[in-house]
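Two complexes are shown next, each including chain A; its partner changes from chain B in the first to chain C in the second.
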Partner chain A sequence: MSTFLPASSLTREKREVMLGWGLVFPAVFIILALILYPIVYNIYLSFFDVNLHRGNTFVGLENHRTVVTDPTFWRSLGTTVVYVVFTTVGTTLVGLVVALVMNQKFPLRGLVRSLVLFPYVAPVISVVFAWQFIFDPVNGIVMDVLVERLGILNTRVNLIGSPSSAVWIAIVFSIWKNFPFTYLMLLSRLQGIDKNLYEAAEVDGASGWEKFRYVTFPEIYFVTSSIILLRVIWNFNKFDEIYLLTTNVRVLSVYTYFKAFVGTMEMGQGSALALIQFILLIGFILFYVKKVLKW
Partner chain B sequence: MKKMLSFLMILLVLISFGFAGGQQETADEMAGPVEIDFWTTQTQSDRLATIQVLVDTFQIMNPNVTINVIPVDENDMPTQLNTAAAAGNMPAMIECAAENAVAFGSEGLLDAEGVTELINSIGKDKYYAGTLKLNESSTPGLYYATPYHGWVQGIWYRADWFEAAGLNPPNTWENILKAAKYFYEPSNNQYGILVGTKAETYAEQCFTMFAMSNGAELFDKDGNLIFNSPEMKEAVEIYAELAKYNPPGPQTWRARDYYLQGKMAMFFYSTYIMDDLALAEAAAGSLTSENFADLAGASFDPELVKNTRMASTITNDYDAGYGVVVSLALPDQGDAAKTAAAQSFMRYLYTPNAYITWLHMAPGGMNPVLKEIAVNERFQNDPKGIFSNYGADKMAEIIAGLDNIETFSIVEGNRIAAASTIYSKQIIPQMIYKITQENMDVDRAMAWAEAEMNKQK
Partner chain C sequence: MVKKRSFLRSAGFFLLVVLIVLFCIFPFIQMLSTSFKYQWDWGNPSLIPTQINTDAYKELLNIGQDLKNVPESIIELLENTPDMTRAQKDQILDKYRSSGDVFPFPRYFMNSLILSGVAALMSVIIAILGAYSFSRLRYPGRATVQRGVLFVYMFGGILLLIPLYKVCVGIGLLSTRGGTFTALLIIYMVQTLPVSLYMLGNFFRTIPFSIEEAAMIEGSSRFGTIWRIIIPLSLSSIVTVYIYSFMIAWNEYLFASVFLKGFKNLYTLPMGLRALFVSKNAVWDRIMAASVLTAVPVIALFMGIQKNLVGGMSEGGVKE
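So, the complex of A and B:
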């Protein structure tokens, strides 16, 4: 460095600044190239009629208009909201209950605590295949139990394939797969709560519910709210779990994929969809951070 | 300092744009070693292993060529190739359905001259003419791809069940529907028929036979879209009716397992099933009912191979057969050295030893398009004994069927490129999914499909 930047001409402070920039440069560069560039380019593309072979034509807001006037978009937005609401509530409640249980002392607790993490750490592709096999209408165990053994259903149905039921299977799958994360975060917070608080509450004659309501809940409030925010962000953009499990749950990300890459390949409209999805999510995050996290 | 900061940021953005913009490799390494990608639709690991053996052999003979074999699902091929074309990193060689090859060719993605040169060097008269025709561009004598192997589709059925029920073979609309109804016993976990209802290529392959047998076409010979016709509607309606006797929910070719398990009476499939049935026969010893007493549904029949027969044509107003020719093509990736390497690998694949090794990956499923290979003794003596199982005559009939494949994209000898695009965009399968799974009205679904098809012209 000294060969082309004579050290003597720089003050110590300036050299520090140079060093600082030198150190962050790789990270900034990677973020710009791999995150900012695609985002900016996506916004740019959403104003064009994209043709892979003949070049792009500027169409202004045409793509955005086409997308929002398409009833399929609203249906997929509805599916997304249903998916996000149920999976977030589901993972949070199941995670909370499991965390509370695992916070009690019982034999082999350490083993059980780690076993509960299994759905979260198992590779998504392998569990997806297992679920598909379980729900297979002809050979799967679910239909065998529901129809042959218990007689709850009269006929075999394809729960994972039929458009009407698939979203519920995707929700159950997501809750099963992701509750361990909530559980893990909450458990670590629960372990950090001062035991004296519970003892004091007991002295005041608090019941089990009251101990939860007035001691545990305030203690885990901000952790829970943060986890909920993360879960909403993750599940709003969720693609892999849903698409691999069943291709007919058209949440926004899956709908965008089909729009952009399958069949007629409307990449401009796909970009517009991605932009709309991005704006919706940012809007939610700002609202949530202000109202719930009280920043 | 502020100024410098913003300058740096702008610089970074510019650099990142240039960086992510992608650069084409320059063709300055002509003389040196060449590395090419070969995309194949053979995704099963045992087949990939065989292809790798062929590649290794070729590489030993051509030490300066390296070939990477990349499996691509046939349903993903159009998306993958289109995006690769946009990104400027197309493979030098692909293996895909002729229909897709024509779609790619008409989009300008393929090197038609290069492949035509190869076809001429092999000799046009050596091919079955029908298989070449399927790869021809709208310029006579110019081909988008060279046919390599092909299969014929039909309805495979339980001849023993049909006989016991006194039903006729499923070769007419009436016979098929009657049998599908008769054998549909969902309470016993037994189903009448399998037709494709998932929005995948398989659905179109099944559907084409119904449309053709009713004289329904996508286009007339001048290229006008005539999809929304009474004949087409009848075909869609019978198809939707048959789908009611399917196993539950959207289904694709994978459901053929239900047939192998003895839970289905009929299914549409290519001659590839001969290979699967041979495997089933090998496994039959362990699949008898005594070993699976608690499974619901009909028991597995160890005699399945002998009790399975194929109806290769469907008749209503016309006789219709269907099949797919799989071709080799040279994507136009702009590097002459790579194209030359791919051409020489293609030529190698047509030499008898390599060709027969390839075809024996799936005897019955992969049939030759060169006449001399069809009568080659080594070819007819396949390791799985399928030729001896079905008899040389039946096999000859199947191979001859390749020569007479009808598709929507050739009408009275005219090539309709838009029909190939419609095939590769899977518009008909999406329509079938809407009708059978989302309960959309036939007229509305056909109107939707027609609108989508119009966008492709």
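So, the complex of A and C:
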């Protein structure tokens, strides 16, 4: 830098500012126009009775009131909470166990590590059908094992077909699909832990569990709680993994989708639902960041 | 790890590894197995088909389907009338072909390919410029831009779906095929843009600034250094980000399901597969074969970029 004269470095700084904004402008413009504006527009729409062809009529808080007083809304909120809690706990636990296993040395580890990522990268649409087949009452292997081999059930039942059991299949499916992400994040953190810490713990006579509790756990605490936050955000908004597997599980996203795009297409109420979902999520994030991440 | 493991413990460990692998790939094996099975074999829990059936694949890829649905009498008639021109013959055959056209896999495949390919390309080009800007240049507002990009992670598709659909209907974009296609293209680009920006920003920071500085002292402009230094040096990362964006667009269902409702010709693979599944033509071997053919390109691409992608994701560049 010292080779530049002060005068020219000043113009250079100015030019850098111009260039910086110039280069980032297309990205910022697109994000503002197609992500931020729609969110604001969604809030606006939630105050209207939306009709695609005849225009909107202002109804104030009518949509919000209609939506909140509908018991179906509370039922789907309940389903969403169950779904989010169990999938988050499940993906985190499975991801942690797999990360601990993959951190050890064993033959064919490279191959195993890439096979484990398959569920995460495969298109949702192509794996849901395999899962449906596995749980199919007539052809599926699950019913074959439960009824014919083990005799736990007397008759073949359609687990994905009935809403009460379908939510659990959706939870297992989501854990299967998403744990590789948790595993990846945790593995890369585990690889960064100083080996000397374990040796020191061994010298002090720590057992395997104690080593995990007092060495590994503090090291992965922050990354784990960040992954949990991301997972809650994503699964709270999850649509395709649930809807494509079974339309019986009405979490909030699926409920909103049906409200806004199926049948009478109540888009105003749909917007109100999406807005409520968004506010609930923001509330949770603020709480979590304060209490768990302690920022 | 320094301690010697007893035989029992290492046996338990290997069992665990085998269980993990089985858990991960069993649905894929099931998919592959069923796609090769005949209908009478479906209820058989064995994963190895009793007899290999490749009809489903042939049907999807349009191999040897020319005369499948044509009645024999017509074929005979065509063969015995040599003075008919080729065009006339094709015209007659087309009648039967179209009725057998239950699931135009190649068309859906091309739609998905073009849509994802172009959207990812636009996303990466814009992201290269943007990521260069906030990883290399200093200006007021840079931190806000960077944080804003992260903020976008919080929004679910459903929150954007209703307003975007309303806007697109409002400006008449969804009344034509071209308009619908463009709308979806832009939406897919936006969906992948934040991840591309974030991943590329992280990659660019690993390139030592001194190389660039040297080039600029030699008289190269900023654009010159981006083009001649940054892009060549991070080519593998750019390819990684491109493929990751491609995969996100390839897998997208929510927006496609709402925007493409009226245009069956524009269906992407997820839309087509879903439509096939709920239609009366739903047959397990056909669905599974279509699933396999949808998953294979993505998994193959993933294997190609795995090492770079895993690094990029660990840095926080992800989207769901």
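Just so we're on the same page, the second predicted complex is superposed on the first by the 278 of 295 C-alpha atoms of A that agree within 3 Å, B and C clash if a C-alpha of one lies under 4 Å from a C-alpha of the other, contacts with A are read in each partner's own complex, and residues count from 1 in each chain.
What we mean here is this: a contact is a pair of C-beta atoms (placed from the backbone, for glycine too) under 8 Å apart; a residue touches a chain by one contact, two chains touch by 3 or more.
The shown structure was predicted, so the numbers you read here are calculated from the model rather than taken from an experiment.
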With the two complexes overlaid on their shared chain, look at chain A and say whether chain B and chain C clash or fit.
-> clash
Determine, under the contact definition given at the top, whether A:Asn248 touches first (chain B), second (chain C), both, or neither.
-> first
Mind working out whether A:Ser162 is in touch with chain B, chain C, both or neither, as first, second, both or neither?
-> first
Which superposed partner A:Ile39 touches (first chain B, second chain C, both, neither) | second
Kindly classify A:Asn139 by the partners it touches after superposition: chain B alone (first), chain C alone (second), both, or neither?
-> both
Figure out whether A:Lys211 sits in contact with chain B (first) or chain C (second), or with both, or with neither.
-> neither
Taking the superposition as given, does A:Leu230 touch the first partner, chain B, the second, chain C, both, or neither?
-> second
Scan A:Phe261 for contacts with chain B and chain C and give back first, second, both or neither.
-> both
In the overlay, answer first, second, both or neither for which of chain B and chain C A:Leu19 touches.
-> second
Chain touching more of chain A, residue-wise (chain B, chain C) = C
Of the stretches 8-16, 44-52, 206-214 or 368-376 listed for chain B, the one clashing with chain C is residues 44-52
Considering each complex separately, which residues of chain A are in contact with chain B in the first and with chain C in the second?
-> 17, 21, 28, 34, 37-38, 41, 52, 138-139, 144, 261
Contact set on chain A toward chain B in their complex = 17, 21, 28-29, 32-34, 36-38, 41, 52-53, 137-139, 144, 148, 155-158, 160-163, 247-248, 261-265
Any idea which chain C residues touch chain A in the complex?
-> 1-3, 13-14, 16-17, 20-21, 23-28, 30-31, 34, 42-43, 45, 126-127, 129-130, 132-134, 137-142, 145, 148-149, 152-164, 166-167, 169, 186-187, 189-190, 193-194, 197, 217, 222, 247, 250-254, 258, 269-270, 273-274, 277, 284, 287-288, 290-292, 294-295, 298-299, 302-303, 306, 310, 313-314, 318, 320
Contacting residues of chain A [partner chain C, same complex] | 3, 16-17, 19-24, 26-28, 30-31, 34-35, 37-39, 41-42, 45, 50, 52, 98, 101, 104-106, 112, 114-119, 121-127, 129-131, 133-134, 138-139, 141, 144-145, 176, 178, 180-181, 184-185, 188, 198-199, 202, 230, 233-234, 236-240, 243-244, 253, 256-257, 260-261, 267, 270-271, 274-275, 277-278, 281-282, 285
Which bits of chain B are touching chain A when the two form their complex?
-> 1, 8, 12-13, 15-17, 19-20, 79, 82-83, 85-86, 107-109, 186-187, 189, 191, 198-199, 247-251, 255, 257-258, 261, 263, 296-297, 425-427, 430, 437-438, 452, 455-456
